[in-house]
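These notes open a run of structures that come right after.
Note that chain A is present in both complexes that follow, paired respectively with chain B and with chain C.
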Partner chain A sequence: MVVRIKVKNAETGATVEMELEMENTIDEVIESAATFWSKDMGAYVLRKGKKVLRGGSNLNDVGIRADDVLELIPDPEGG
Partner chain B sequence: MARPKIVKETRRPIEDREPPTTALMPHEWLSEESLRSYKSVLRSGGPFDVYLSVTAEEKIRRHAVREAPNRLEVMGFLLGEVSSWKGRAYSVVRDVGTTELKSTSSKVRFDPEAFPKLFHELDSSGFDYILVGWYHSHPGHSCFLSRTDLETQRTMFDQPYHAALVIDPIKRDIKTFRLVPGGYEESSFAVFIPEEAAARGKGPRTRRLKVKPAVTT
Partner chain C sequence: MGEPLRVGAIDDDRFDRSKRVGWLDLGSVLRANVLMIGAGAIGNEVAKDLALSGFRRIKIVDMDHVVGSNLNRCLFFTPDDAKARTSKAEAVARGIRAQSPDAQPIAVVDRIENLGESVFGEADVVLGCLDNIQARIHANSHAYLAGRPYIDGGMEGFVGKVMVTRPPDGACLQCGMNRSHAKVASLRFSCTGKDVVFHEPRLAAEVTTTSIIAAIMVREALKVVSGKVEMCLSNAFYYDGQRNVSEEYEVAVDPNCTVHLKI
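Moving on, here comes the complex of A and B:
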């Protein structure tokens, strides 16, 4: 089943609408959004509310539903 | 199984809006050179590159000072909005967000187990924020962008309005930086008291900050 979700870029406020299947993984969502915005996917985490969505879990596993809004958050390092 | 497909992007417009004009002041930790730059921007009528609310300033400074005795770096996000004035984009930092850190005297990251607290802080800001930059401290090392900092800036905060705020709580120095072709440069910033806070009589908070009064021209 194809669903549509939104992913917000926290750094710019831009939002993309993404079509995907419930079997797609969180890594694939991050990769798609990061690639679209020319970002390094390894430098970001994805959140739904206060929950971090990680790695190889698929959308079903983490309870993503159609029309959910996720947010791409940078994971910076200072030195 | 198909890969996720992006079907539409909606960008947030940068609206023309007059920057904060009430109770602008330089940070009391500005170096003489940075203070000259502050006065120059003020004389020109601005806008500054960054407007830092007293709320955000206080949280950043207290965070850095708290860990200064341990010589530990601190870090967080600058939450705000972007507007333009006189054809120039500027950012207004209304609040900050941080969480527990993995830090040493020369490195800092968010604790991977502490993202939920960070997300709680982001949601608690109460407005539709943009991460207009990030702050971190250099306890005793002065204010500049290290190679690691520059990589973070290039990777994550590459828009013209994105700021890297660096604070040294031991040498009492603070600067903001932005990317330019081939490297980075110091940008201008002013501390301000939001109109709504001023109207509520937030005078005592301002006095606790010990900031200098606005420079008159």
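Moving on, here comes the complex of A and C:
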């Protein structure tokens, strides 16, 4: 099954529409979105509402539905 | 009979205003053993807040030395430290002593990975002021296995994050990581064929975000040692100073998390 969702770039507010299989993983969504925005190599997490989505889970596992908006946020490494 | 009451004596007590915070257990704060890993920008601010809050027994672990580019955000470092390549742990210990004469900071100039397990078990609370994912994973897992609360802070530019891990309850720092973290961690170490080299990226950093993240970390440490764990952050706290946003995100326990699987 194919779904269309939106991923929002927390740093810029930009949004990209993605067409995904329910078997796609959150890790794959993070990689695709980070590459699309040519982000610096860094750690990112994807959230739906207040929940951080587990990387290895697929869209089915985390209850993603068509038209959901997920947000890509940086996980800052510096200290 | 104790000391006779003097007019104005209340304003001589260094901790009078702290004692007015109803839930704060100042006695426990004064006695607590704190392990602070990392003495960079967040470490400087954390050390300042720990000392002013009354923490005295603070072990500071850092293998690095001061350089000029640290001076835009590190309270306890001076241009002379940069010239002399003073160890960061020693410079922070010196700063704590200057701020709080009763404090007994111990500087350990080494990588946390080189220290024994006991360094975690001896602490009442562990504060991660680190600048790389590998060291964070080490600190998080060792604190968890020792049953010690681990408060991790990170920042880049105007974005920061704090997460409190309270074993055996709830998610740990590693539960919130994914493949992008693993990729970054692997990139930091590269094999030249002769040796393994650690690559330290030059990340954007400034003091206002550092101060906010450090303050939240020490606030959580105060709750931990005061026995107010129910007041602690149970999720990840995110701060974005560019968007003027601060909020909590929920991180669930990852059933495949290697830290949890070890318990």
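Here is the rule we use: the second predicted complex is superposed on the first by the 75 of 79 C-alpha atoms of A that agree within 3 Å, B and C clash if a C-alpha of one lies under 4 Å from a C-alpha of the other, contacts with A are read in each partner's own complex, and residues count from 1 in each chain.
In this section, contacts are C-beta pairs under 8 Å (C-beta built on N, C-alpha and C of every residue); 3 or more make two chains touch, one makes a residue touch a chain.
Fair warning: this is a prediction, and the values are worked out from it, not measured in the lab.
Student: Name the contact category of A:R4: first (chain B only), second (chain C only), both, or neither.
Tutor: First partner only, chain B.
Student: Which of the two, chain B or chain C, is in touch with more residues of chain A?
Tutor: Touching more of chain A: B.
Student: Applying the document's definition of touch, where does A:M18 land relative to chain B and chain C: first, second, both, or neither?
Tutor: In the superposition, A:M18 contacts chain B only.
Student: Output check: A:V52 vs chain B and chain C. Expected answer is one of first, second, both, neither. What do you get?
Tutor: both
Student: For A:P74, decide between first (touching chain B), second (touching chain C), both and neither.
Tutor: The answer is both, since A:P74 touches chain B and chain C.
Student: So, A:A34: does it touch chain B (first), chain C (second), both, or neither?
Tutor: second
Student: Under the contact rule defined above, give the chain A residues that sit at the interface with chain B and also at the interface with chain C.
Tutor: Residues 10-11, 43, 45, 47, 50-52, 73-79, which sit in both footprints.
Student: Spell out the residues on chain B that touch chain A in their complex, using ranges where they run on.
Tutor: Counting only chain B, the residues touching chain A are 1-12, 73, 75, 82, 106-110, 115-116, 118-120, 122-123, 128-131, 134, 136, 146-149, 151-152, 155-157, 159, 162.
Student: For the complex, give me every residue of chain A touching chain B.
Tutor: Checking each residue of chain A against chain B gives 4, 10-21, 23-24, 28-29, 32-33, 36, 39-40, 43, 45, 47, 49-52, 73-79.
Student: Which residues of chain C touch chain A in their complex?
Tutor: 38, 40-43, 128-133, 153-157, 159-161, 175-181, 183-184, 187, 201, 203-205, 235-236, 238, 240, 242-243, 247-252, 254, 256
Student: What does chain A use to touch chain C in their complex?
Tutor: 10-11, 26-27, 30-31, 34, 41-45, 47, 50-52, 54-56, 73-79
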